[in-house]
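Below you'll find the structures, each written out as structure tokens.
Two complexes, one shared chain (chain A), two partners (chain B, chain C).
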Partner chain A sequence: MATIDAAERPLADRLRRLTEPRAIALLGIALGILAFWLALPPWTIRAAGIPISVGLLGAFAGLWALMRDERKLGIWAIAVSGLGIAAALWAQGRDESSLQAVVSVGLVTATLRFATPLAFAAIGGIFNERSGIVNIGLEGMMLAGAFFGIYVAAETGSWVLGIVGAMIAGATFGLIHAFFTITMRADQIVIGFAINFLALGLTGYLFRSIYGPEGTPSDVPRIPDVSMPQFIKDIPFVGPVFGDLSVMTWLIIVIVVLSWAVIFKTPIGLRLRSVGEHPRAAETVGISVYKIRYGAVILSGILASLGGAYISFGFGGSFNENMSGGRGFIALAAVILGKWHPVGAFGACLLFGFASGLAQRLQGEADISANLLSTLPYVLVLIALVGVIGRSRPPAAVGRPYVKQ
Partner chain B sequence: MTERERRPPETPGPAENAPDPEDAPRSFTESVGAWFGTAVGGIAIPVASTVLAFLVGGLVVAATGHNPLGAYKAIFEGTGLNPLSYISEDDRRGAWADLQQTLIIFTPLVLTAIAVAFAFRCGMFNIGGQGQYLVGVYAAVLVGTSLSGTPSFLHILIAIGASILAGVIWGGIAGILKATVGAHEVITTIMLNWIAIYGGQYLFELGGPLQGAQESIPRSDPVMDAVHLPAFPLSTGLQPLHIGVLVSIAALVVYTLLLNRTTLGYEVRAVGFNPEAARYGGISVGRSYFLALAIAGAFAGLAGSLDMLGWKYTVATNDIQISAVGFTGIAVALLGRNKAVGIFLAALLFAALQTGTSARQLDPAVFPPELAIHLSTLIQALIILFVATELLIVYIWGARKRLGFGGPARVQPELKA
Partner chain C sequence: MNASRRLPWLALLLAGLVLALGAAACGGDDDDDGNGAGDTAAETDEGGEEEQFRVGLVTDIGGLNDRGFNQLAYQGLQQAESELGVEIRVLESKSDADYIPNLQTLADEGFNLIISVGFLMQEATATAAETYPETNFAIIDAAFDPALPNAQGVLFKEQEAGYLVGYLAGLVTESGTVSSVGGQKIPPVDRFIAGFQKGATDANAEVQTLNAYSQDFVDQAKCKEVALDQISRGSDVVFQVAGGCGLGALDAANEESVWGIGVDADQAFLGDYVLTSAVKRVDVAVFSTIEQLVNGEFAGGETTSYGLAEDGVGMGETSANAPQEAVDEAQAQTDAIIAGEIEIPETVE
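Presenting the complex of A and B:
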């Protein structure tokens, strides 16, 4: 919507919009973040005055916007600027080498690694929500993918077959969810919750039954990394980040682009969206609401299970009871933050991945409790939800069972 | 009470797709559905779901090479609910101890189930019972290990009050977010669960602010003897039955009265029934959302203090990780259909299941306890799945008719009516 407006308006008009309160408030938020960033590598500015003055500038921008009726963003700018100054002063008190260890290229890699499983589940969530089905069972589907993936990989000795196994498990759980919510028209949230419980009980039972106290074998085949040619690895910044990413990370980047194209640029995507917005109208023009919804929910199960597979035999190498650890729910939040758009959701996953990566790296360097830092992604989800909701609209028919005419 | 009210509430919002029961001619499905909405049906579906869940659970047991009947029998023997165990003098002591254990576990399950049910009646799904329970545990430990010298009765009241307050805050955060910015309670309560879990592990970890005197163990100090809840006179053993079980039964009464006999309860139910109509009728929907989740949190927080003051006395980081009282409470509320009697019976079932499958009760030669714990999770999941799906029972009933062993198949079930 905004892009169409922008393209049609003359340049002068667009320049004037830059001085609107909204733009100033966004500038204030940016200045607040900059205040913190200046205290970090590669800048590592030690003079306290610089982040304070940049942060204050941001706060003033927020205040200016606040007084011109841009309440929400204005308050955000002031809050972010205040936090930015505080964090910058804290960072200036640390010695340079430990800052270097936390804030480095490794942080970008860690962000991508933590974001990958989230993004698989989030893209899955977008498909089922776009079709009008709420799926809070993503968590359980990830867990199922994690267990059955590593089980098949260990049995066959092939990580490819392991991924296939995970996908079959995810599809099965997706089918169960679809059967109960679409055909049986049961409450979608209750069924999703039951799916999580079912996956928790089933994987826990089979895990103990098959592997006993020793756990999964240590020689499970792992999902390999893609090693880039040397000339790419030599490029500064790009090399260390993209040199050795997991197959799954590359796969999710492809899937994000692909799902954007499918949802917004193909007839199937149009059908999917129409079923989620107005199923009766969709059926009137000959679209099978049930088929589309079944397909979308099963696909979401497959995608979530891929995320689970990455957790168990991607960056880990073993399975543990309840190892999905709430990632399916963070993925749901990412769907909302990303406004039901694959690229937006991927961005939200990167944000949460960054929080996890930062928490992990701070544990080693700063003297902060690992457990306390582990709350960071969840707190961030809460804060982000407060900031975005109201400007993020779900598909109209989401959550409602459809009765075929 | 209408049929609709008896079902678990649907996601808030008008159900435009649902056929209007007033003008549409009643199909087979609807008439059966109406029967299930009656008193008989209200019992029949939970019972049928439970039986079905145990059957499917038995299949999993059989598939992994164990004898399902033997396993279920062993689990039942360990619950203390078998009247036959009270006949002989030798068995009686053991059975009585088992029954006490079942009732001790029953207590918090009732309360966390109320926490789910109360929010349910306001049209919300409170998955945050676990977090609200945990903050109640922390508050009880904090008060129970400090304020020495306070008279016992007063100390207990302060500890319980602190737990309830903690639960109110934890539920209230989700309530405020729902009422003001419309953040979906499912996501916010789950996030609050994780924050409570990791936050609690931080409090009691090695070097954590509330870690106890034993430096090598990540655990709180035990609460003082003065705050221990009194036990029943006849109770015996290492874990005597504390009076918290009476508190939980009283809570069921309070829950029913609050919901059905007060203005607040009326508003909560009106919002759960149809938020738009409630708003039109002058009810503040946001206020109801907030109050419903805050009160739900109060019940779950109370459960935390009863557990701490009644029999656990101390909390370790490990306990926080494995605790699932809040999640089981969801299954209890769903199976009990948000009714006081239903919650009572369902909590007894799940408490018995948990006692029967605990490592202390189960003979590893009959069925390995480490599997039994997961089996009980599995059965809970299946119960939720079936109990939420009235149509499935109808469907199975219809299939039975079609196959010709349930009388003449006159009408085909019109599932896609």
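Presenting the complex of A and C:
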């Protein structure tokens, strides 16, 4: 039907062609080049914000096209835009003793640090959504992991046990969520919110009654960084970025790859997806819908709590109330933006992390209000969500309780 | 079928559990006050049949355990309980949507004075003060415009404390760059930063100052990122002005082996890397405000300002590793500020 309509109206057809993924991707490449060009003579724009915003626009166009199966050109647009921004910044910093270059390396590490906790929660979110359960409670599960992780670490003096403690807390919250949503078939959104409030109240109360006004001890064992051998640290750019990453950052990279393999390449992943798409059919062939869903939700709790552990005693060194600060919800957005795919979601987390790091660094450079700049990551995610939503399709059975036959 | 019939019952159970936890949390606060309450009763008895003043405190988001602002306010309140014999109650705001309900709860229960802690609660408090003309209100860090007869604004001259720590920072910096991490661009934060920058450049005209805002008062990771960025740009003294979030900035200073400067409360206990703290005696202000009420001198409709001269702000404990002559020199600025010889800006350009 749609194609016939388009043929009858040439103008509409032409407009449609302009918004084709291919055209958008080409536009993205052009924008990426423009970003660099603007920093060069004859324009020689010295405000860092201009090439960056132009380049981001290009990268976004590429991402948009990428999501619509225009893979090759889409990736090119993203790559060119990224290079365009980097090159533009380099050019602008030329006569300022390469200050900008230093900042850009810092920006990459900051991006990874912002993205790490988000990605843990997002991968968790993918597992439960793929099994057909919506988990708004990721936020609360992160918070629980943050508190119980640092509590166990402080009590035992071991960060490894702290991580185990966080995982147990996350699994417990996952189990509560699973029990009410799967066995009791309660509304998944409502239970998710209840989980968030429960975690907020519980951690806040315990934090105060255990630690009092002084807060968590300052000598809490921290999740260490992985220090690379010196010859790697000496490689320009690679060294400063990957030389001292947190154990958790490496772990999430492994988990992203692993969960991609599990979800798409193993029988258990196939079962997981079939339960999320058509639970009735899955049960007919002998798959236990309840077991798969319980497993997925508990796993999501564990992963989210690892993200929380990174916030409280990985990157940070102490707990404070509500310290997850909405990351669980951003992770949910990343799940959708990444189209329920681990690699896509990780990319979305990186995008958000990059925008956060950028917004923070632009404060000093651009003459834009800090308040306005701080909305940049959220605006970017909103735009990305709106841009992608047309084609992104959640698992068919998501959010619907399943009644065993 | 069975399961769906069990559901309402379970929902109730869950709701009950949440409520019980909430009650337990409140109970926790009451327990802390257990001893104080006994003393209070005794004191009021001595004073005859006079009415017992009831003072409520509504905190900003960040909680009582922020090791700074809210906690200091609570200390002032506790001091008033034990020394002035008033009955106290604290309500914490978990989000800005809690401001008005919290204020209303206390006003409806007939509290004589309700103190809001934090600039961000200014509008909510003004609304509450208009709705409850019989109740006295005070707000820390804000003034009422237009003035309300039953409400008192309590301000601090943060710029004076900021100047002192900035002066010290300007003396000890080796890289020639010092920086500040603000929570949000709001007047009380900017007064600290403006004073800090002026102090640093007065101590050493060559000093460069960096400043950025984390846009958060809770999330440590954000402040730590801002601080790490500043340190990578050469800052070797980081002044946090972001409450609980700012602990992340101090953590960054610790990690990168540069100086950190605390804010509001004396944060020297965090370690020797804390050069000093820009102390804001919220406890003094809260106590003084309650004292006014008890003495029948509550200055409704006015704005009270606490500076160095009133012991409302100051420089906290200095690190054992800080060069003594620099500390002495910075402290020597105090008299000049009190005498009004130094003009300190209140806004960051």
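The rule we apply is simple: the second predicted complex is superposed on the first by the 294 of 405 C-alpha atoms of A that agree within 3 Å, B and C clash if a C-alpha of one lies under 4 Å from a C-alpha of the other, contacts with A are read in each partner's own complex, and residues count from 1 in each chain.
In this section, a contact is a pair of C-beta atoms (placed from the backbone, for glycine too) under 8 Å apart; a residue touches a chain by one contact, two chains touch by 3 or more.
What you see is a predicted model, and the numbers here were worked out from it, not measured in a lab.
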Chain C versus chain B on the shared chain A, clash or fit after superposition: clash
Which superposed partner A:Val226 touches (first chain B, second chain C, both, neither): neither
Contacts of A:Val379 with chain B and chain C, given as first, second, both or neither: first
First (chain B), second (chain C), both or neither touched by A:Asn371: both
Partner chain in contact with A:Ala110 - chain B first, chain C second, else both or neither: second
Partner chain(s) touched by A:Ser218 [first = chain B, second = chain C, both, neither]: second
Partner chain(s) touched by A:Ala333 [first = chain B, second = chain C, both, neither]: first
First, second, both or neither for A:Gln188, with chain B first and chain C second: first
Partner chain(s) touched by A:Leu202 [first = chain B, second = chain C, both, neither]: both
Chain B versus chain C as contact partner of A:Phe180, first or second or both or neither: both
Part of chain C, among the options 40-48, 94-102 or 238-246, whose backbone runs into chain B after overlay: 94-102
Contact residues of chain A, present in both the chain B and the chain C interface: 180, 183-186, 194, 197-198, 200-202, 204-205, 208-209, 213, 369, 371, 374
Touch list for chain C against partner chain A, complex: 3-4, 6-7, 10-11, 14, 17-18, 21-22, 24-25, 28, 61-67, 71, 94, 184-185, 210-216, 218-222, 224-226, 228-229, 232-233, 244, 247-248, 251, 254, 269-271
Residues of chain B touching chain A in the complex: 8-11, 13, 15-19, 60, 64, 125, 127, 177, 181-184, 186-188, 190-195, 198-199, 201-202, 205, 207-208, 317, 327, 330-331, 334, 368, 370-371, 373-382, 384-385, 388-392, 395, 415-417
Contacting residues of chain A [partner chain C, same complex]: 99, 102-103, 106, 110, 113-114, 117, 180, 183-186, 194, 197-198, 200-202, 204-205, 207-209, 211-215, 218, 311, 315-318, 320-323, 325, 356-357, 360-361, 363-364, 369-371, 374
Residue ranges of chain A in contact with chain B within the complex: 134, 136, 176, 180, 183-191, 193-198, 200-202, 204-206, 208-209, 213, 279-280, 326, 329, 332-333, 336, 369, 371-372, 374-375, 378-379, 381-382, 385-386, 389-390, 397, 399-404
